[in-house]
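Structure first, then comments.
The chains carry the letters A, B, C, D and E, assigned in the order they are written, with residues numbered from 1 in each.
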Amino acid sequence: MKNIYLPHIAEIVDVKQETSDIKTFTLRFKDKAVGKAFTYKPGQFVEFSIFGEGESPFCISNSPTRDSIECSVKKMGKVTQVLHEMDIGDEVGIRGPYGNGFPLDELKGKNLLFVAGGIGLAPLRSLINYCFDNRKDYKTITIVNGARTSKDLVYKDEYKTWEKAKDAHLHLTVDCQEDNWTCMVGVVPKILEEIKPTCKDSIAIVCGPPIMIKFTLPVLMRLGFCPESILTTLEMKMKCGLGKCGRCNIGNLYICKDGPVFSYAQLNGMNYDH
Amino acid sequence: MQRLITKQDLVNKLTELLKDFEVVGPKELSNKGIFYQVIEDAKELYLGQDFAIEPIKKFFLEPSSWILRHAKDDVSLESFPQSDKKRIVIGARPCEAKGLALLDKLFDSEYKDDFYINNRKRTIVVGLACAKPDMSCFCTSMQGSPAETSGMDALIFESGDGFIIELVTDKAKHILGSIGEDIKEDQKLNKDKMKALVKKVIKTPESLDKVFESDYWDEVSRPCISCGVCTFLCPTCHCFDLVDEEKKRMRCYDGCSFPDFTLEASGVNPRPTKKERYRQRVFHKFDYFKKNFGENLCVGCGRCIRHCPVKIDIADIVDKAPI
Amino acid sequence: MKIGVFVCHCGTNIAGTVDVERVSQAASKFPKVKHSASYKYMCSNPGQNLVKDAIKKHKLDRIVIASCSPSLHEKTFRKCVEAAGINPYLIEMANIREHCSWVHKDREKATQKAIELTRLAVSKVSRNKPLEKTYTTIEKKVLIIGGGISGIQAAIDIAFANYPAVIVEREPSIGGRMARFDKTFPTLDCAACILTPKMVTVSQSEHVTMHTYSEIEEVSGFVGNFTVKIRKKARSVDINKCTGCGACYNKCPVKVPSEFDMGLGKRKAIYTPFPQAVPNVPVIDRENCLYFKTKKCGICKKICTVGAIDYDMKDEVIEEKFGAIIVATGFNQFDHSVYGEYGYGKHKDMITGLHFERMVNSSGPTGGKIIRPSDGKEVRDVVFIQCVGSRDEQKGLPYCSRLCCMYTAKHALLLREHNKDSQAYVFYIDIRAAGKNYEEFVKKVQDEYGAIYLRGRVSRIFEKGGKLIVRGADTLSGAQIEIKADLVVLATGLVAQKDAPSLAQMLHIPYDKNNLFTEAHPKLAPVETITSGIFLTGACQSPKDIPDTVATASAASVKALGLMVQDKLAREPLIASVNQDLCSGCLACLKACPFSAIEEDEIEDRKLRRKRTVAKVREAVCTGCGNCTAVCRMAAIDLEGFTNTQIMEEVETL
Amino acid sequence: MSEWEPKIVGFLCNWCSYAGADLAGTSRLEYPPNIRIIRLPCSGRVNPLFILKCLSNGADGVLISGCHIGDCHYSEGNFYARRRFAVLKKLLEYLGIDPRRFQMSWVSASEGDKWARLVTELVEEIKQAGPNKDFVRKND
Amino acid sequence: MIDQIKTKAKELLKTKKVDIVIGYKKASDRIGAIPAFIDKEGDIDKLIWDGYCVYNLSNYLKDFPGKKIGIVTKGCDAKSMTVLLQENQLKREDIFIIGIECSGIVDEKRKGGDIAYDERCKGCKPATPPIYDVLIKEEEKKQAPRLEQDPYESVRKLETKSIEEKFKFWQDEFSRCIRCYACRQICPLCYCPRCVAEQTQPAWFSKAVSVEGNFSWNVNRAMHLAGRCIDCGECERACPVGIPLRDINKKIEKDVKELFSYEAGVDTEQKPLFSSFDKNDPEDFIK
């Protein structure tokens, strides 16, 4: 019998404190064969099991072009609390990857605009690094990344690489001015309006807190992006990850199975609770 | 293939089958009603027309079942061993069996749920046609009927002192084909006529899309007390939760009527009030599932109406939806 | 999470019965345990160093010490791990000595139990949270409620340490009961002579503020930060202008019975209770004052040269903050009218001990003459009856009032001193003279002053021929006795003040069925109350004589000063806290808190978009008993250090 | 398999009963090793759900022990506990849980001997009641 | 009498004394009743009153925060409002109680035969609500036969059984529990924002449909209603699988009365059972 709910064991091989409540865990499957068989696309997610506590879904935050599996986790509830107390050498369960990930083929040959807020950068980071690792497939890459304060910015180590890359622009912003802060100040939608990225041949990929998305979409529309060229990755209460347990639907689609990446056009046509 | 059998035939056959099979059927508990239970003695079987409170679903998708074992000490994982004992369910109603057919669509597709599939595979479902649908029944509006055989291996009809058994699948023919006698042409049942027994008829719109934002949902959901009666007793509701307890993981019923169902760890709840939750239930059954699988996720068994502590009538609500 | 387990041999105390090595090995296999070790004496310096080194070496973040009872060494190891950089609340102890090795003999079973106790501790510690001590500031001022000898002594002690004290006294003058006494047993010092200097000291101290003729209206806050509302009743005399010349009360035309003299003498409508009153500022008794009754008179105002009389003065409520409160409200006299057989009220020549004190006092209403109130004649035969109220569960008090034996003996002595021909008869049940030189004193009264002690109860008192006939039994001789007395003096017991319960409720301190305030512990915390920062002194807690009263006053002062000298008040973080999201606001916790440490709070519920009431813990008041957590149906209130999660984890691990 | 030994959970208040159990240790009073003590500040801290959790988790008996009435460190905690568990005890018995499985006692800090005696008796009683099979979570 | 209810409801809505009136209307089966929420004068005619108006409507009061509510209230329902007021869940000035001097309600579960009054009505002597703003009396002829018998008869019967029999009895009953929590949801006094049954930190008892999970849930429910349950009987009616929940509630009610002379829902100033004590509470069960 094949048990679709059965996770594989993975060991935590590295833990990085990103912010006061976000940690990035690097994982390695105990069973090497499982590790080899495990392939994923940017935007996909996995179900983490903490034995005795439960399961929680997290997107894989690094690119499949790199060797390790990384997930960034914000301390929120029961599972994440315990996960944050875990350390190198501890073991967790992983099943997945689930969901559809980003439509990589559609993105090819396009200008890419990444708009992220807070931990929303996690799923985008996977795609960003994927694009940098396949640089020739894409045109200009613009990244707008915001957080409440500079302390809440994630993946700080990688900003230099992103900045330096050819045809790439990184715009960092915090909500309010701080001492020793030299980048931009203001909420993400405001920054977008300032930098006016081109909509031509462009796809925008947006991920962040609901309030940011709410105010970013009209800005993108004003900038000329059509709903089809705005992608986002959604989060909602998920449990099984398999489209069976009945929680994460928006309309007749399940975020876990049919998402989590959706275009704004798709979402527009749907009735959902929010 | 239809055959004529006596009650004694049936009892004798079941007694014989009890040796190799686990037999599940309705039992009458005094003052409590009818319950599907594992039968030890064929005589315990209740083959009257009263409906069981719980649907037969619980023998396929259990209210709670262990799916994984994991030791806190040494990290090792294994599935819970599943029974492969052959099983015969007798007395399930056509609507409930149709519920199984609908659940098959979900659990036996894409990511296949072997726990459910195993329970299905090891079981022969012998239904009992409804001679006395009650005023909550509306199966005919859900493309069913008191003599529907979908999801079943065989169906028996009350006929005089005995029964007529219709053998649908080869499995059933193999096991039950030997009892009773062949039926004459004029004794055969007019199944279409039985449809008329069902008095409650509702119209179901092709899509509910247009009424999603209507205040109607606010109004109809107001009496709802957010309990789990309708979902737990529904032959098609299948939403579940995964819960770790001690060193095991369990799958147990959950329902969209519970406020906690979609409560996120951050405290956000996309369905914060009864309006959203009740609408989800109606839409899942009469819109979303239809979009995904082509059929309503409702069999018209009337359980949620019969047992709703505040008499909410989903059929009436769908019927009157302001399309 | 990296838990370290350290198992102690405690010499052979543990290792004699428990296989310590096996415990250590078993522990190393518990979930989340990264290191385990054992040592001969874990609490010794090398033992503690072993823990500290292991923490650093293995990057441990939680510690379990399997050794003795936490009551012995929990603090030790908290300090130890704190020194190694771990939050001191991330340790747990497994008690494998008192609860294991010392009570079991079977080595196998004891070892097995020790392993399981260690496992429990490991599971609990895995759910511990780092906690921080909280600090509150302290208002450097002490409130003393009551200005009798005990309040005065407390104020002097506090002032001596250069901290401000505020006395609130409801009478117009401080001095309390002691000011009414004549001489004091067993040394026969004159009460006024030893009290007055103390009153003066208090009045002159720059550190002491007195609010006389004032009462406590409301108390809120908690240790270090009490806010108290004090009602200063309208005195009708400006305390700042009055020189205390006394002209006003000399000229006042209204005479009323003096409360101070127990009605034996008279006072005016404007009066000071007694000549040595502090402050020496009169007060107008508005009920009896002609001006207030008829709007006529006004003599005092006319006569006052400094214009201190102010008929329009109103009650004033002031609010002050205090760091500590000393309750020194003293006692009342037992109401002996319940003893019908004595006929009190019927017989004019029957008085209480306190009357006798006033009568025998040379500055009292009779000028020191002991007379019959009925006819003013000097007395010869006086009967003293002890235990009026005391030790009489049926009609009076269950307890012994402790001082009646002594003051009666003193009265008998004073009687003979005042009148060589007099004769004292004392009816008693037992003589309780347990104090320094007390027994000797009583003996002296019997032997040298001829007082006749009769063991027994008085059954009836009636008048006959201008005398009071006291009929009783002498249980020692078995004889019926009848004494023709000129005067009968009742040694009434001591009871709580009438309004003691309402004050206790204001202060959130408990009181017993006799309305006496309850100390935090009868032996080990006799002047503390369960409300930290509130202390008891004197007879409000139980009947006390002057030395005991003064001693408890000083004790309470030391306790209060102990708070005053702190910069900040450190509080153990092992207290309750409310998860307001889960709280329904039913306030079952508030009603079940023995310490009134829970209050209502109003929060904006973002989900419901409206204000709602929830419970909130007053952290400085919470003592961490956890009663609230057990009455909370939604488990919204939890106790740090003993959280639901910790306890459930322990149970789960069984 | 060796002879069955009952498992008993004791919820003890820190100030009286836990200290009483400590005293039993200091006085070297022997008693059977079947009890596992969970230290709490006060008997008033014990939530009825703890008892259910113990029983469903395989404990054969549960004991709550606190200060004698009037001795509570928090002055009133044991009064509340007494009322709460009077109700629970009657309810459990009504629902068919052997009353021997859930007991309550007052043991002061000076009653080491009472503690030792109490545990000895308790273990004996629970041995007679037999293993808690009915209520316990099935480990399948 | 329904006219009296309607008139009152109309007046309340018209004068804006309340924003909404909670009452009863006909259910889709044309026999039973379903809670009605009337906020427009035009809908007032939907209101009904008959023996099928079984629900304890005070359960819905929490659904309209900040609104003024008029509510049709039977005697037992009003008692639960007393407890809600006691526990700070209601403001008296926010509700207008249209008290019904009820003559008993119908036993819905009874099959066939005549309409019978529900078991729970038989012990209910004063059918007059203890609190109300207006009282509407039912015609006398319809008064239900009130039994003078011992209200704890079935509890006592169970009490006399042996421990094993009791366990067997309750195990059979609880084994049918499907944890749908209808008993909780229908209870006006189960208003916790998040029930312990749903909490995960810690998980208080098993969510599994199992002996100990079902047992724990039902004991927990009973304990949380101790000294609060006013025996409106809705839990037992709502239970789809027929667990005799009132036999548990009544057991506690009886014990609490005997042990502490405590009765639930008596007045709004009453202290909760477990947030109070008497120094002389019995302790014969303590060693």
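Basically, a contact is a pair of C-beta atoms (placed from the backbone, for glycine too) under 8 Å apart; a residue touches a chain by one contact, two chains touch by 3 or more.
Keep in mind that what you see is a predicted model, and the values were worked out from it rather than measured.
*Asks:* Can you name the chain that lies farthest from chain C, using the mean of each chain's Cα atoms as its centre?
*Replies:* B
*Asks:* Could you quickly compare A-C and C-E and let me know which has more C-beta contacts?
*Replies:* Of the two interfaces, A-C and C-E, more C-beta pairs touch across C-E.
*Asks:* Per the centroid of Cα atoms for each chain, what is the distance between chain C and chain D, given in Å?
*Replies:* That pair's centroid distance is 35 Å.
*Asks:* If you average the CA atoms of chain B and of chain C, how far apart do the two points sit, in angstrom?
*Replies:* Those two chain centres are 71 Å apart.
*Asks:* Measuring centre to centre with CA averages, how many angstrom lie between chain A and chain B?
*Replies:* 39
*Asks:* Averaging over Cα atoms per chain, report the distance between chain B and chain E in Å.
*Replies:* Computed value for the inter-centroid distance: 31 Å.
*Asks:* Which parts of chain E, given as residue numbers and ranges, touch two or more other chains?
*Replies:* As it turns out, chain E has residues touching two or more other chains at 194, 196, 201, 203-204, 206, 210, 213, 274-276.
*Asks:* What are the residue numbers in chain B that touch two or more other chains?
*Replies:* 72, 241, 243, 246
*Asks:* Can you pull out the residues of chain A that are in contact with at least two other chains?
*Replies:* 54, 77-78
*Asks:* Write out the stretch or stretches of chain B touching chain E in their complex.
*Replies:* 31-33, 35, 53-54, 62-64, 135-136, 219, 222-223, 225-229, 231-233, 241, 243, 245, 250, 252-253, 255, 258, 260, 274, 305, 307, 309-313, 315-316
*Asks:* Which part of chain B faces chain A closely enough to touch in the complex?
*Replies:* It is residues 67-68, 70-72, 75-79, 82, 106-107, 110-115, 118, 209, 212-213, 238-244, 246-247, 249, 251, 254, 256, 261-266, 268, 270-271, 276, 279-280, 283-284, 287-289, 291-292 of chain B that touch chain A.
*Asks:* Mind pulling up the chain A residues that touch chain E in the complex?
*Replies:* 54, 77-78, 81
*Asks:* In the complex, go through chain C and note every residue touching chain E.
*Replies:* That would be residues 581-592, 608, 610, 612-613, 630-631, 633-636, 644-645, 648-649 of chain C.
*Asks:* Report the residues of chain C in contact with chain D in the complex, numbered from low to high.
*Replies:* Within the complex, chain C touches chain D at residues 69-71, 95, 97-100, 102-106, 109-110, 112-113, 116-117, 120, 510, 518, 530, 574, 592, 594-595, 623-627, 629-631, 635, 639, 642, 644, 647-648, 650-652, 654.
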